[in-house]
């Protein structure tokens, strides 16, 4: 855990009524690091995501992003600071086109002045053109250009996943949270996903926090892994060492 | 200052009796909300219909010769409860059941439509003006508490509080110990699970609406006796206030609705007594807005977080 | 078939039981006593209707499920433009050839169109059920009335204040209230609308109480009064300046034309809004608020902007209303008004500009119809709301929004 860390979580605890979902979770994600959180269902992984991304207010603990404390900040404030996320159940704007999904993603960066939009001033029109160009750029990056005008809900599941990630990336984030991105993908799509995550890290210089059940993907793509069970941490280490860790094997290690 | 205690006590009595009515109606709101997750906008009109049916029943009894007072009142209460219960059932079947699963705005607008429809339905059937309710319960118990002002606890107010307390005890026991009551509790916690366990959720939902209507009907009959007049528009104001009471006590919680009802009655009566009386509605609405803003879970409600 | 008859019988019997105490036994005031008079006609009619409806229901459902009977096709953007053009031409034709009564209805229609467009932004674009919309309408009307009574402001001078004050109230009310969930928001706005009406009725010194404020003048034309004689010494009336002969119907037409201009303005703003980033964000928010938040969009801010804009529209409509009536009183802005506007939006199609305009016109026609039907008016409105929600919640004219699209050539690169 160094001051250059993109994300620094310490002592995270989340209680719902009497139920403790997460307790004593601490970890750090360095710049351009791919950090995975794994564990059986109900271990509290998505709860950690929700605490980091501002959808839950942690009962106690600290979340520090790029040196700034964001514990308990609301989700849109967290997103504006550079943390974006995907969801277990893909949350695209299904009735809007693929292109529009990417335009909405840029909402924070586009000229939002009401009057200038109303009167279609030159500055406004220029920003709309730029937003369109950026959207097309990302469509190319994820290989969805041909679907630009299609309704997002009509896309194949794997393509929807890619679109969701593209929509995240179009906000120019520093940290990307992926919640089970490989769920429902076939083996080829999983390979493509792995390549995409790696490429995003290299070319866009982002750090990635990943929840995943597919062990091969996790072991291949992650730099470090945190194993959780019943809301508590079991081990934090590199993939090689995690695979040999007795505690982890005892608690949970799915098919290899 | 010697006037203060008797006046205060009078306000207390008045507040508790009007609060009892709010509580009866509020229970209907809170039960429906707890199980189906919607605000039954038309519930206030159900209460109003209960008032009218009760009055018609009483008038009919009187027309065929009348009888001992308790019998007539009981008869009116029971008849009103049954018929108003049918209204509650019918409204649910026609206007809400087909819309289960629709986005939230849709059943809300439908409920609004039912509310408007029922108000004018009664207005057309019985006229839009006030109807005077003959006072069957004369007098009350007056007592002195020092000072020149005699506190009056009218029989009709006594009846209201008495009936309400009995009903609430009955309801609480029922929810706790009967099978149907347990089914209601199960449905309010997790409808899908209750379904999987074999509970007939449709029956439970229908029952909830009917029960709410029955309680509201009792309130309606009693309020006629207390205030001496009814008109088709009492459902609107009373409905809003009862809803305020339900939220105040914690929406979804039956004890909360009871508590909220009495509390609101007291607050409103004291405000009316010690402040301006024309603005008592403003006080109630203001309280509603404040509660929803700063205390949406209410006194006894549960804090539910949205799953992301 | 057996089942069907049984359920139809049960429904009919229940209907009879329900209607008996309300329609069958009418409470009559005889001095201090109450009596009952009996009318069976309505009960018989209703029971038969219910019986037949229940009997026929399975067959009707089957017949309708496949076909798209009674469902109007969604218009594409070009057709929409044509439709708008047709409406505009019809409106202008009314101005040129309509009778005095027609133009009066036309004025009301313009007012309701503006109101419906405003509520459309709140309900249709932002998905917020505002049941106290008439409150903003009232603020617009009363602002003009007060500014005129106390400061001598005319229509045009008051207009920015009416719009601005209504918008301000929208902002102030919306700020704390828009975080609330849909149902709670509806009730709170209803409470707000009622509070405005009660205050208007009771603050007699300020608002004139139940009688309201009267003697509200009509708008001037570039500063010239449109009247037979100038009210001020030495001033010219509009007709004197133009050299026209004065005709009382000219003012009605003038007011109507002002209404058309404002309605067009409201349409233009709504159209621009739906094409701007804010419009896209509103649509996204309606679909999935959580996804929006994860992208940095603050839903409350968006809702506030929509709410305020909608309030501003209502304020302008209120001013027009005050000018048309010449007076404002609390009962013109009751909850019933809010219901009228909501019905217009719901019947036309929430979110559809063409839909709500047609809805507003329909409402005004219904409202202007003969007084024998007036008694049943609210009954119908309630029924319409329920039926629309069950049968066609998207409205009669749900018009698809124009999507942002890339030119086909650019799609495959």
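Going by the order they are written in, the chains are A, B and C; count residues from 1 in each one.
To be clear about the criterion, a residue touches a chain if its C-beta (ideal position, glycine included) is under 8 Å from a C-beta of that chain, and two chains touch if they have at least 3 such contacts.
This is a predicted model, so every value here is computed, not measured.
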item: Most distant chain from chain A, judged by the mean position of its C-alpha atoms; value: B
item: Most centrally placed chain - per-chain CA mean versus overall CA mean; value: C
item: Length of the line joining the C-alpha centres of chain A and chain B, rounded to whole Å; value: 49
item: Length of the line joining the C-alpha centres of chain A and chain C, rounded to whole Å; value: 43
item: Inter-chain centre distance, chain B versus chain C - centres from mean C-alpha coordinates, in Å; value: 31
item: Set of chain C residues in contact with two or more other chains; value: 290
item: For chain A, residues contacting two or more additional chains; value: 55, 87
item: Chain B: positions in contact with at least two other chains; value: 308
item: In the complex with chain C, residue positions of chain A that touch it; value: 53-55, 74-76, 79-80, 84-85, 87, 91-97, 99-100, 103-108, 110-112, 114, 117-118, 120, 128, 131-132, 136, 140, 145-146, 148-149, 167-168, 171
item: Complex contact set, residues of chain B against chain C; value: 38-39, 49, 52-53, 55-57, 59-60, 62-63, 83, 86-87, 89-90, 94-95, 98-99, 102, 104-110, 112-127, 131-132, 134, 236, 240, 243, 247, 278-279, 281-282, 285-286, 288-289, 292-293, 296, 306, 308
item: Chain C residues touching chain B - in the complex, by the definition given at the top; value: 14, 17-23, 25-27, 29, 32-36, 42, 123, 127, 129, 131, 176-177, 180-184, 186-188, 190-192, 194-195, 198-199, 202, 290, 335, 339, 342, 346, 375-376, 378-379, 381-390, 393
item: Chain A partner contacts - residues on chain C that touch it in the complex; value: 269, 272-273, 276-278, 280-281, 283-284, 287-288, 290-299, 305, 403-406, 408, 410-413
